[in-house]
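Two complexes, one shared chain (chain A), two partners (chain B, chain C).
The block that comes next holds the complex of A and B.
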């Protein structure tokens, strides 16, 4: 961590006030739900206190985190990483080679237009319902947003830069590593953000259909056996999981694109 | 120069599509595909032709399209006005910021089991889940639209003494639309994925999702591929329709003027 310069008192106070403004509604909602559901006899909406108790029992004390959340996380990250590598590699090739990109456009447009969930039965037919199926589904469906954005990003490289690279006779790897990849990075990140959300959705649905294990399986299984309280705990944990992932993604994005923000701030005359 | 000519582009694209189909054709004959009974393009198309003659097929297409459209309309009806209102005031934006951030990261397909308990295996269930997924991008873009409403533009409109209707039609609406459009594009594509996903998980009769499951269960791979082709066509039509709309509605916007 870098040391932050100490802030004047006024600034930290406005930050506190901002935080309070952000916090009051979620807190009020939580309190309202707590009281509203406390006497609930409804089968579908159990009291919040019971959901929280069960959450503790199943996910924390009972080891549910290790049993279901960690495998889900590994699956998600592996599938997404595959999509990232595939999308950036293919996207760079298509972005550099305009003729190829134009020729392949009907194919890429068609593949991209398939709503991913529809591929699930086919994937299950070919790859059964194990880990291979889950990973390939996540990877295949999340490749498209990254691929399309990489094409756009690579194509936006300054033509002069291409001439410079050619006259310096840079090797293909150097061109990719030091010119195309950084130039396309902001676009790739924008695609990756969409892809990541898609990955989470696909992860949930393949787990619901696949072999036991993972949060998707837990929630669906709980519903099918009419264990409503465990189902709610699963939804709650998946919500927390999704939020944590989002925060993680934002941190990584900020780290990866730090130079880009600095450049943008610089060219706009600010001092970051 | 020659690259940009239309006939040349078309030749290339037809050739590439032909190659892809040929690859599919050949792949379906190899041992790898045979094990899983993968149909080639010819079998798939003839299965599609068979299906076109059945009522069940069109019913399924109709069910899915209806759920998709209603889910999307519902999320527009909720997301846009609420987003604009939230965006108008700094206080309301800050108050709802965390809530929206948290709620939108819950994968909506995870709510299918809950929706199934509440609404049963019905189109209503699919519509609710679809709306839960698509309302967020629309809401967030509408918040931006509310925040960035250009003050000068309104002053100009007022000094020209535009009537209220003209102000809405020629100043407010186009400006808001330009902000909301990216959200709508994301929502429209995502909602098809979520709609079919919810149909699969819920096994809702009279939808593409159900027919896909059925084709898989009865081991009819040609029908299965035909249904996937159908859903791909739906996806293409949605993308194409959005592009057409974008050209008609947002031709004036600098970001899209070129395309």
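The block that comes next holds the complex of A and C.
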């Protein structure tokens, strides 16, 4: 009884400990690099203090976030959203229709086996180097993990639920929105997590080779014009960007699969 | 009690509430998986307001029969006629309660959302959906669990939600596939009485499939006995135990014991002798 009011405090304490446990290695690495690089005369490995100064100057004070990170972010989210819609829509159709899925399998297997970067020259040939090419590349390459996981998730819907849907005459939209989609959601999210990482990688690559703009372009341009310190700041920002996106993704996943986590926690509690 | 074992086609005199017109007719119904014949030439008529139990040993094709009745499966031969229409797809006037409540309810929807999903799909207004869900939950004795998820409820309560979903759909006939097979004995008799009460209250027609002979006799107006490979209708036994039943009183009646052993003998295909007259060797 008396322990109850202290529960939130105890929870926040364990959360703090968890955060510290996650943070100690990056912090230790940063400190180590700071001292190790402090007297560096190497053109290619400037001292960390200079990189941090430049990072502040370019990205924060100089508006680099608005100029390059925001366009990259919009591009990434648009491409990923296209992949999500495409992957879930096609995956649901192929997951429900076994015959079609078997007929399409050689095509899907072949297409997904092509390393994404190999498509870049073709994409640039047909779609030029602008926004269309960038978005198409991100969407196309990121679709596969979502597509394959959606097929798997939809196929694993309980046969009893299929009978329920049929006997209560649910409309196709209701079957998709309230049965197949939530049933497959845990697997779709697992695929989306992989796709998201793929999307970030493809975004950087297409920006490096495409028309100016974005973090990928910034890094490559800095490297090619021998601006080594700005190049390092770009890589640092890209790392922070990726980490922030991961946190965002996890928050969304928690929200979307709330019932799933609650049910899992419930059945664990019931077993005790 | 000779009255309880009259020939099966006789209209039962002690059931004035049952309208004699058939709501559901099973005609020459046969089903086979490839060369394996599951059941053959089943014939039966379910009357308006009647409670019919289909009983038979496991593996006899009861679930397959139920799926044919519900339009979830097409028979190999013959057909099912619901209110004068041949059933070729799940009809709107029929609802199904499945055996495994943990798999027939959607864990991502609350009790109320589970109940209203078919109604919302049929484009009923939000107010109407809510109203029907509330009434159905009241009918099955579950008030105050609207916002709970199925996995937060006990097995018996989950099956009540599944029954409420069928009631809210407002069908003229409900088909139940071993609906009490996955709950404990106490919950089971509670649910049996619940279904009897609901039926009494709403005058709904029910076809219930079970392998439990006691349950079949206790619940029904008539018991359709299915047995053999391929399965055939061995008999349709009239259960003249009246509309009011109770777990202790009804089950200790001598008539109950007679009916029970009669159905049991039919299923075991033992030649009947002694006090119970046999009429299962007739013209079938």
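One rule holds for everything that comes next: the second predicted complex is superposed on the first by the 244 of 272 C-alpha atoms of A that agree within 3 Å, B and C clash if a C-alpha of one lies under 4 Å from a C-alpha of the other, contacts with A are read in each partner's own complex, and residues count from 1 in each chain.
What we mean here is this: contacts are C-beta pairs under 8 Å (C-beta built on N, C-alpha and C of every residue); 3 or more make two chains touch, one makes a residue touch a chain.
The structure presented is a predicted model; accordingly, all values stated were derived computationally and were not measured.
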First, second, both or neither for A:161, with chain B first and chain C second: second
Touching partner for A:77 - first (chain B), second (chain C), both, neither: neither
First, second, both or neither for A:103, with chain B first and chain C second: first
Touched partner set for A:256, first chain B, second chain C, both or neither: neither
Partner chain in contact with A:170 - chain B first, chain C second, else both or neither: second
Chain touching more of chain A, residue-wise (chain B, chain C): B
Residues on chain A engaged by chain C in the complex (per definition of touch): 158, 160-161, 163-164, 166-171, 174, 178-179, 182-183, 185, 259-260, 262-263, 266-267
Chain A partner contacts - residues on chain B that touch it in the complex: 3, 9, 12-13, 15-17, 20, 36-38, 91, 94-99, 101-103, 105-114, 116-118, 133, 186, 190, 192-197, 200-201, 208-209, 212-213, 215-216, 221, 224-225, 227-228, 231-236, 238-239
Chain A residues within the chain B interface of the complex: 18, 21-26, 29, 44, 98-99, 102-107, 109-122, 124-126, 194, 198, 200-201, 203-205, 208-209, 215-216, 219-220, 222-224, 228, 231-232, 234-235, 238-239, 242-243, 245-246
Partner chain A, residues of chain C touching it in the complex: 67, 70-72, 90, 92, 94-96, 98, 100, 103-104, 106-109, 117-118, 120-122, 149, 151-152, 165, 169
